[in-house]
């Protein structure tokens, strides 16, 4: 397998897909997580279980859904349950190994804001809000975050705690009685980050091909920590990039309105 | 329609069936209530909705079920839901107009014991217990009780409050915050009883054909009150008795083990 | 007992100014036709309840019908923000609706509790989440067995719920299938329930454990083929994803929004929905 | 991930002395074959959880396997009392199991809460009922919105649950249909779940909203045709009502009970169940 040309977005999606295995049960969000999960399913993790919050369990869509409730998800699912059951038996019941979250704002401890920019009661920008995120963040075994880097997104201090990551860091989750692991992986368009075992601050462990430490720091609102042994993310293989692009092409055709 | 010969048991079942209408949604127990509800459905109340606690909603069995979960109930139901849903959405949700209860022991206020004879922790007879009864008694719009009269069944004081009727009488239900009407009808093999509007003590309002006041008192453990204008229950019509006997004959054939 | 009415009559008889109303459908089966009829009839001061407000509430908010919003995700799924909702919240145009914001888990549990006749829902939720600080309707109970503190939210009990479904039989029993979302809970939690369906059939002829709402749980049924568009009806027509993408442009500007509403809602009828899904109907 | 095992191995690997175990099935799909295998393997000190103990627990109680019973209706439905349970409770033969008694509503909610990962279930229940006075596991919470006092019971979280179902596909996804009872909740509430099925098929080919348990929620699957007898499997064979009536006579006497258990359980095998339902199979 030879390395292929790729965009930073593609690298982000493919790096996320590599973190998944056939034994995972994933709570999938729309966008990069959905693409990553389906690339994993179509390459190295054929038996991965994908769950969308619309109630579709064990789904295997041929094209990426635009919403979390496209008919394709139901057509290909092992079963489709009601939304209350999804959140009670499957999410809160502790059945999900990995939950994916995106972020409008993200801090170094994996706390996420998708609710408002500015004051909650008088926002400068009203974002969509949390949806499933507040409980995904605490009920899934662990959380993977995908986010494109920018100083607007990776910030020193988020405006609103839509979902809890590691709070102030350290044992903050345990202090709140939360027993799940929280954010264990942050995959951006530039790098792979993992939380420090003690402080829980996200630390860059791998730079994507061609990316420098400066690129990462320039697009991050806090002073970035880098691991001592910094790795380079393997470039996408031809299979990975081909699978992703085929998926996106099928998706674009399907969503264009025929 | 001419009156037919009948047994006291048949009179009890038919009198109960007459209290039902097509607009009722009944939570049906096994035995006389099941027979009464299905006779009503097959005669004057074709659109009555019958619900068994096994989850079968809008069922129309051709033979009476031996258990509340016979396959016949599911085969003929509008839909069959899970047991948690049955008790949450349908019973607790206030969707049932009439709940039927039977009794091993019954007092004059419609309180029922089907749990133990003797002390709870050291019973002389361990009965089956309440099943759905504790919540049927308080969640249904009103309660109809069927019970064959005997001094062992109609007692001054029940050994255990399996389900709450009118408690000590009067406004006892309201004092417990219960907003449903509770027992509004008691149909025995000898008479029809209704609660006094104020004291809530069951009062005989109608004697079945051929039954005397003495018959009722001899088979009741408390001093019976009779309504001032005591009526006679109309004898079963040929249609009623024929429908009941056909139903029982089909049922006996089906349960005999072929 | 369900009565069969025209959509105009079903809306007129069951929705009133000031009502708490849910138009539900989780991506699938969103009752757009019923919402458009409500817009045409010009109701005011509504408390709009919906997990995922999306286009249908963006339109009602933009038309100034909302006094309050109760929701858990106010986005155009997969597309972006809701621009009419933003304009209302950020700029007070055309008015400033009150907001009660929850998580999906809490809203789903709150509908479930409403259907179950309970005053509250209990969940392990909102831990470390900022909503618990800004929404006074997020409280807690202590488990009397373990001492664990659990989140509590009030149950949802709308005055009236509107849902769309595949079909009804002639008696009025309604079948919902596919992504059933919280259709059943929205109906059972409400005082009155109005259902639009694709068609009336002699026999629902479905699986014994399918999601069927008995006729006596429904107030009124109106037949509106295509009534979910641009959402979809599983087995009838696909989601019109292009229309969701297009909405982002329409709603971006007050004038283009107003013009679109005039042409496509105020001067349209329920019958127009059938034409809108013509190309999206799949071979059954 | 579900593994396919013989019934003997599935029971041996998943049930242990002292376990809290649920053999569930609400009239329909009662896992008699699994219970008989547990009897043959001679487990002791079990906490037996079951809404409707009926024959299957009458037999286990009579064989002295029960340390404690958690239940809501201990009768032979439509027939009468459970005579082995009575003998144990009234006379201590063969031992005196502890009793934790609930209502159906509370047990159903407790399984539901177990499946939902909660420590408690909340219901409007037990009002004026005597069980609240004799069962210390019936407590209450106060609704923080309305002040209403509601009943609380601990969730049910068995060490292992056994259920019977119609069929599994080759991957191990299991279909339950008909009276689904609390089959799904019993499986999802338990640490381990063992399912007996009538058959293995290539494709479950059922309705999209049917009750399907994904393979990764199940520990072991054993194929036991007829495994619910004298209960039934919807679509496969009818309930053997005559056997339920007959049980009343068998269980009435310790000797006749012991003789019956020897002949029909201790000296029998899972394969015998297929013969027992031969006459009850309906034309599919």
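All chains are identified by letter, namely A, B, C and D, in their written order; residue positions are counted from 1 within each chain.
As a working rule, a residue touches a chain if its C-beta (ideal position, glycine included) is under 8 Å from a C-beta of that chain, and two chains touch if they have at least 3 such contacts.
Only a predicted model underlies this, so the values are computations on that prediction, with no experimental measurement involved.
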item	value
Most distant chain from chain A by Cα centroid	B
For chain B paired with chain C, centre-to-centre distance based on mean C-alpha positions, whole Å	40
Chain centre separation (chain A, chain B; CA means) in Å	57
For chain A, residues that touch 2 or more chains besides their own	74, 80-81, 88, 92, 139
Contacts with 2+ other chains: residues of chain C	112, 117-118, 123-124, 148, 178, 180, 184-185, 208-211, 234
Overall pattern in which the protein chains touch one another (line/ring/star/complete/other)	other
Complete list of chain pairs which touch one another	A-C, A-D, B-C, B-D, C-D
Chain C contact footprint on chain A (complex, rising order)	30-31, 53-56, 65-71, 73-74, 80-84, 86-88, 91-92, 115, 120-121, 123-135, 137-139, 160-164, 167, 172-173, 176-178, 254-258
Touch list for chain C against partner chain B, complex	1, 112, 115-118, 173, 184-185, 188, 208-212, 214, 216-217
Interfacial residue positions of chain D with respect to chain B in the complex	26-28, 51-52, 71-75, 77-79, 81-82, 85-86, 89-90, 101, 103-105, 108-109, 111-112, 123-131, 134, 148-149, 178-182, 184-185, 211, 232, 234, 238-245, 279
List of chain B residues in touch with chain C within their complex	23, 25, 49, 57-58, 74-75, 77-81, 88-89, 92-95, 139
Contact set on chain C toward chain D in their complex	117-120, 122-124, 137, 139-146, 148, 150, 152, 154, 177-178, 180, 206-211, 234
